[in-house]
Structures are given as structure tokens and as C-alpha cells.
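Multiple structures follow.
Shared between the two complexes below is chain A, which has chain B as its partner in the first and chain C in the second.
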Partner chain A sequence: MEEGVFQTLGQYLAFPFVQNALVAGTLIALCASLLGVPLVLRRFSYIGDGLSHVAFSVMAVAAIFGLSNNMFLVLPATIICAVLLLHGGEKRKIKGDAAIAMLAVGSLAVGYLLLSKFSPSANFSGDVCGTLFGSTSILTLSKTDVILCVALSVVVLLAFVFFYNRIFALTFDETFAQASGVRTGFFNLLLAVLIAVVIVLAMNLVGALLISAFVIFPVLSAMAICKSFLSVTITSACLSVFCAVTGMLISILAGTPVGSTIVAMNIAVFLVFRLIGFFCAEKKL
Partner chain B sequence: MKTFFLSRFVWFSFLMFGLVLNLDVPFSFAAETAAPPAAVQKPAKPAKVDVDLSRLSATMVYAEVFNILSNGYKYDGKTVRMRGAFSTSVGEDDDGQPVRKFHCIIRDATACCAQGIEFAMRDKLAWPTDFPKTNSTITVVGRFYCDMHDASVITVVDGVFE
Partner chain C sequence: MFCLRCKDLIVGYGVHPVSSALSFEVEQGDYLCIVGENGAGKSTLVQTLLGLLPAISGTIEFGEGFEPSHIGYLPQQTALQKDFPAIVTEVVLSGFQNRIGWRPFYSRREKLVARKNMVRLGIESLAKKCYRQLSGGQQQRTLLCRALCAGDRMLLLDEPTASLDPQATESLYELIRRLNREGMTIVMVTHDLFGARAEAKHFLRLGKTPCFGTADQLLRGGE
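So, the complex of A and B:
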């Protein structure tokens, strides 16, 4: 039985679209987990949902206009919304969770309305379902999508590594960081852009509705046992990649939706790590 | 420490680029190696199966069908075995005359997305007596035909029910 499963997996791994999915999925998981740490610590966990819903409505507009590659419309629009949400600071009239909620539900409703009225294909519900839940999106990437995904992921990774110290300072005490000479305005803007890029990429992997889980769970799992920012970041990255790869392999073997399987893996790992953290804390007492 | 991580990330990203850029060859799932078709071939009896969709999981078969429909010219001439729901519709031939068409509908894991591949039988079968019930599960073996002038037109010809 085991030999059959491994043999089947080996045969599946020879498919080019599976290899593309694993490459893109690994990089997306890595980027999402790295940026998830400052998001969770700054209490912006739900921003993934807001931005993904904006991306969904822009995708709807792009589909209606028959754009062959919607990334050139979706990415700038999502970046603009991310900047508006994260960069406004204390001067905004509508703050934090209210702004995210407004944007999230408003975008989803408008996107669904536009698609239902001007659907470009006969399988309207299927297109919507696939985009929202990411059932097979990662396995149907074109070559251009994969190259773009890899390029953007590398940019996000390099930016995070280069500006790690400033992101760290911004996450824990923005006022102190500003007083220390860190250009908080610029780095808030950079963080917003990076988050928007990662959200748009992650929609291919887990869909628009499940993105928050993809961003949050690895961080919370890592925080259950790790105490420093660096250890949380590294552990979260490893867990996210592990869950993404394992989730994808399980989904292609068992015939389950990819996005849901990855999130289910994240939940399982979170429960395990919470238990480990609980027993470690008990032992110290 | 930063230099160490940076060098590893750069190496990793080059590795990913190399892996992605090298992936250009369609893979035949069956153990046998099929001859690459250079042009449309005359109809022939389907012998060995080059693309066996019946052995894949629901997620894989949907993705592979999407791949086939997106890159039809790479599969032209290859023998396929596919399993899905039987569907039929009435279309028009080149002369505008009504003609019945047959499809094998393949759904994804959530059953909300579906793709269909049109197939034509090798033998002349009478409708509806020689055909299965609509929406029943069928297995068809045939040969891919991709219209070189319109790559979105893909049909399985010389189909045989299994």
C-alpha cells in the first residue's frame, strides 16, 4: 500500500504543472509567513481578507473586460488599497478593523454583482468558487504566472531580509523607531506594498476567502513555542512551507481542494504546537 | 548573518528560476513513451494510452484537463483515456446542419468547476440506443485532435467506450 502511494506520488511529481505548483506554492508560503509576523503583531491579521476581496473584485472587472493577464490590473489596485489601509496612520477618519471590514464586504459584493451580470464564461459559479476557495488555481498556472510569481516572491524575500531590522523596529514601537531616525512613513509604505503583493500571489494558492488563515496560522503556531522575533519568523516560515507542500501533495493524492487542504494542515500544526507550548510551560512551572 | 541568509536566498531563487524555465516538455503519464506528433495524422486505431486521465485523482485530472485545453497543440495525436460524466448537446457542422455532439465532463474536487472534452466515436453508433445515459460515468479511449488554426478547438476522435 505504501509503495503504491509513493509510486503514484512519484508519477504525479513528474507532471510539469505539479512541479510549477510546488515551486510557486513554496515561495508564496515563505513570503506569506514572513510578512504575517508583523501583520499579526500589529493587530492587522484580517487585512489579508480585505485585500483579497479587493483583488477578487478587480479580477472580476478584468474578466469582464477580457484581459488575458489580470495581474497587471489586480496588483496595482491591491497595492493602492493596502497603502490606504496601512499607511493612513492616525489621521484616518475610519480606522483599523472598520476600514478593513468595509473594504472586504464591499469589494466582494461588487465583484460578485459584476460577475453575475456580465459573466465572461458559461461556468460563472465555477469561476467564482475557484477564485474564492483556490481549489485548483495553483495547479493551473501558466508559465507567465509562475515566472511572475517567482520574481515577485524573490523581491519580497530580498526586501524582508534587507530591511529586517527596520521592520522589526516598526512592528514593536513605531514611535521609538521614528525617534531613532527610521523613516517610518517609507517603511510603512513598503510593508503595505509587500503585503499586497503577497496577498495577490497567495490567492492563487488558497483562494480569496482562506488567505487570512494562510497568513495567520503559521505565525500563531510559531509564537506558541518561540519567544524572540527572529525565532518566530524562522519557525513560522518553516511551518508555512511544510504545510503548503504537504497540503498540496495530500490534495493531489486524495483529490481534495488544494486551498482547504493547506489550511487544514495549518490548523493541525497549530493545534500540535499549542499542545507543545502548553506542556513546555507546565514543565517550567 | 544577513550575508549568509542573503546568499542562500539568491542561490535558492536562481534554483527556482532554473527549475521553472526548464519545464517545457509535456509529460506522458503512462510508462510507454509516445512519438511526438509533428502534424495532424490520419485517423488510426488507438493502441497504447499516452495520457491516462482515469488513473488520476480528482484534483489532478481537473488540472491536467485544464493543461490540455490550454496547450492543445502539445497533445495533438496522443492517445487518451478519460473518465467523467457523459453529456450531449446539439451543435452545427460546417454546413450549418444540426449535429449531435458528445462530451466527457470532468469536475474538480469541490464539484463546482467543470470542464468538458468533446469526443467523436470511431464506429457509427445510433443515438440514443447505443449510448449511455446522460450524466452516467463513462470511460472513453481515443486520440486527441487539435485544430492547428484554432488551438482552443480540441476533440478526441476515434473514441471507443470502455
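So, the complex of A and C:
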């Protein structure tokens, strides 16, 4: 039985499209969890959700106009929304959570409305479902998509390592960072652009509705047991990669949807870490 | 020798002034308390002194050899720091943000100075402790230590005792007093007028008729 499983897995792994999916999925999970640390700690957990809804809406528009490669429309539009959401910090009229909720629901409704009226394909509900929950599209990634994933992950990783101490200062205390001469505006902008890019990439993998899980779960799991910012960052990156890889393998073997399987893995890991954290805290008391 | 001198300074947001014209001077080794009602412009003044807000009119002048980067700032605590996963060392080291320029990491010397400052404030035993598990007083000491790393000549404290119980307040005042005796210039914004009277050498009271002077002068002026 066990041998059978490994044999099947081996057969699947020999396919280039499966390899592509694994590489892209791992890298996206890694980037999302890294960016998730400052986002969750600054109470922007929902931003992934909001932006992915925006991306959904733009994809709908792209589909109506029959654009085959919608990346060039979706990416800039999502980046603009991310900048609008994260920019201005605490001095805006509509506060962070309300702004994100407004944008998310609004763009979801408009996107669905447009698609239902002008959908070019016959399988309208199938299209919508695929975009929202992730379809098999991770298995149909082209070579260009994978290269794009690798390049952007390298950029995110380098930016994160190079600016690590600034990201910490900014996340822990924005006022102090500003008084210390950190260009907070620039870093908020950088964070917004990076998260938008990761989300657009992640949409192919898990679909619009499930992206938040990538940003939030690994960070919360890590926070359950880690004490320092550095260990939270490293642990959440490792957990995210682990969940993405095992989730994808399970989904291949069991024939389940990729996105929801990875998210289910994340939930399981989160529960385990919460339990560990709980018992460690008990012991100390 | 003065290290900070403000002349007819009016602070505010955009074109809306919050304060009347303020004139005061801070000398090296001084201990200045800034008091005033809510909305009198205390926080706005702090932000203006730090260069985060432009002054509406008037001048801020720094003494010879004194630069804004010599000021260590202790802001009020924010809500999201309460459950922030960071150890004390990480928080203290972030005080060197204004020194690192384009370097991505802190230097060995900076880590050494951070260590020394932790010893100076008696928090070296907390170095590996998680910030969110500390008491209010310990958290405030940690942030004070970060301010010491940021500026070695003047500390600008924004309501440092706001969320502390009387005992922790007293020991924080004592610590600040000691730093002052060691030559550190202290500028403190506070609500705690009673506590401040025992501490400070000079006062600046904001409001409709701002006044600046020693505690005695301020009391006589207020009557």
C-alpha cells in the first residue's frame, strides 16, 4: 500500500507541470508568510482578502474584453489599490479595516455583476468558482509564470532580508521609526507593492477567497510559540513552506482542490501550535 | 550652554495653530517639564521638536555641536505593542535606526552599547524576555533604553508614566533623575503635575498664556 502511494507520487513528480506547480507554490507560500508578519502585527490581516477581491474584479473586466494574458492589467490595478489602502497610515477618514472591507465587498459585487452580464464563456459559474477558490490552474502554469514567480520571490526575499531591521522598527513603533529618520512612507509603499504582487501570483494557486490564509495562518502559528520577532519570522516561513508542499502532495494523491488542501494543512498546524503554546504556558505557571 | 532654543514658536497642523507663541530654552543637563491641558499642543510640540511636523512660525535652534540625532525619543505606547512578539534586545537595538544609514544590520559596537545601556537601566536580566510578558514598568524601561540608544545627549519623553501604577511611576522617576544627574538632558511631557514638581528644574506650561520658568516662578505666575 505504502509503496503504491510513493510510486504514484513518483509518477506525478516526473511531470514537468507538477514540478512547476511545486516550485511556484512553495515560493508563493514563502513570500506570503514573510510579508504576513508585518501585516498581521500591524492589524492589516484582512488586506490579502481585500486585494484578492480587487484582483478578481479586474480579472472579470479582462475576461470581458477577451484579454488572454490578464497579468498586465491585474497586477497594476491591484498595486494601485494596495497603495491606496496602506498609504496615509493612521490619519485617514475611513480607517484601515473599514476601507479594506468596503473595497473587498464592492469589487466582488462589481466583478460578479460584470461577469454575469457579459461573460464570454458558456461555463460562467465554473469560471467564477475557479477564480474564487483556485482551480487546477496551478497545474497549467506556463514556463513564464514560473520564471515570474521565481524572480518576484527573489525580490521579496532580498528586500525582506536587507530591510529586516527597518521593517521591525516600523512594525513595532511607527512614530519612533519616523522620528529616527526611517522613511516610513517609502517602506509602507514598498510593503503595499510587494503584497499586491504576491497576492496576484497567489490567486493562480489558491483562488481569491483563500489567499488570506497564506498571509495569516503561518504567522499566527509561529506567534503561538515564539518569543522574538526573528524566530516568528523564520518559523512562519518554514511552516508556510511545509504546509504548501505537503498540501500540494496530498491534493495530487487524493485529488482534492489544491488551495483548500493547503489551507486545511495550515489550520491543522495552527491548532497543533496553539496546543503546544498552551501547554508550555501552563508549565511555566 | 543651551542645546535647544525656541523663539516665538507656534506649532500646529497645516495652517491651524494649536499653541500660542512659545519661547523657551533648554540647557545641557537641564530637566524641563512640559505641562498643559489636553489639546494645549503638548504632543504637537514634541512632534515639531522632532522634525516630524513643520513649525507654523518661529524658530527652533540647536546649540553648537548639538544635532537632532542626539535626541532620544520615548513615544507613548501603542495598542498593538501589547501583544507584539519581540524580545527586549530586539526592541532596544531598534533605537539605532537613526545611525545605520544604508547598512542592513547593526554593528558589533552598537550591540555592545545596547548591552551597556541595558545594564545602566537594570534590565540586562530581561534581555531575552518577551516584551509582551513584561510589566508596564519593565516595558517603559525597555523603551527608555531604546531612547538612550537613539540619542545620547537628550531624552524627549512623552508621558512616560501615563499607564503606570504609583510604585512603577516612582521608580521610573528615580531612574530618569539618575540619568539627569549623569548629565543627560531631559525634556518630559506629563500630565502628572504633582510628580513633575518634585522632579524638574524648569517648566513650560502650554495654554492660552504659556509660561516658562522654574517651579516657583510658574506658581507665582499662575496666581
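Following the convention adopted for this analysis, the second predicted complex is superposed on the first by the 284 of 285 C-alpha atoms of A that agree within 3 Å, B and C clash if a C-alpha of one lies under 4 Å from a C-alpha of the other, contacts with A are read in each partner's own complex, and residues count from 1 in each chain.
One rule holds for everything that comes next: contacts are C-beta pairs under 8 Å (C-beta built on N, C-alpha and C of every residue); 3 or more make two chains touch, one makes a residue touch a chain.
What you see is a predicted model, and the numbers here were worked out from it, not measured in a lab.
*Asks:* Do chain B and chain C fit side by side on chain A in the superposed arrangement, or is it a clash?
*Replies:* fit
*Asks:* Please work out whether A:Ser228 is in contact with chain B alone, chain C alone, both, or neither, and reply first, second, both or neither.
*Replies:* Once the two structures are laid over each other on A, A:Ser228 reaches chain C alone.
*Asks:* Would you check which partner chain A:Val150 touches, where first means chain B only, second means chain C only, and both and neither mean what they say?
*Replies:* The first partner, chain B, only.
*Asks:* Which partner does A:Ala177 reach: the first (chain B), the second (chain C), both, or neither?
*Replies:* second
*Asks:* Check the contacts made with chain A and report whether chain B or chain C touches more of its residues.
*Replies:* B
*Asks:* Of the two partner chains, chain B (first) and chain C (second), which one does A:Tyr164 touch, if any: first, second, both, or neither?
*Replies:* both
*Asks:* Can A:Leu253 be said to touch chain B (first), chain C (second), both, or neither?
*Replies:* first
*Asks:* Kindly classify A:Leu41 by the partners it touches after superposition: chain B alone (first), chain C alone (second), both, or neither?
*Replies:* Second partner only.
*Asks:* Which partner does A:Val245 reach: the first (chain B), the second (chain C), both, or neither?
*Replies:* neither
*Asks:* May I ask for the angle at the C-alpha centre of chain A between those of chain B and chain C, rounded to a multiple of 10 degrees?
*Replies:* The vertex angle at chain A equals 170 degrees.
*Asks:* Looking at the overlay, what does A:Ala264 touch: chain B (first), chain C (second), both, or neither?
*Replies:* After superposition on chain A, A:Ala264 lies in contact with neither partner.
*Asks:* Quick one: minimum Cα-Cα distance, chain B versus chain C, in the superposed arrangement, integer Å.
*Replies:* 7
*Asks:* Let me check the overlay on chain A: which residues of chain A are in contact with chain B and also with chain C?
*Replies:* Overlap of chain B and chain C footprints on chain A: residues 161-162, 164.
*Asks:* For the complex, which residues does chain B have touching chain A?
*Replies:* Within the complex, chain B contacts chain A at residues 2, 5-6, 9, 13, 16-17, 19-21, 23-27, 29, 56-60, 62-64, 66-67, 70, 108-110, 112-114.
*Asks:* Under the definition above, what is the set of chain A residues touching chain B in their complex?
*Replies:* So the residues of chain A touching chain B come out as 11-12, 14-20, 23, 27, 123, 125-127, 129-130, 133, 135-136, 139-140, 142-143, 146-147, 150, 153-154, 157-158, 161-162, 164, 251-258.
*Asks:* Which stretch or stretches of chain A touch chain C in the complex?
*Replies:* 41-43, 161-166, 168-169, 171-182, 223, 226-230, 232
*Asks:* For chain C, which residues are in contact with chain A within the complex?
*Replies:* Residues of chain C touching chain A: 50-52, 69, 73, 75, 78, 80-81, 84-87, 90-91, 93-95, 97-98, 100, 104-106, 128-130, 146, 150.
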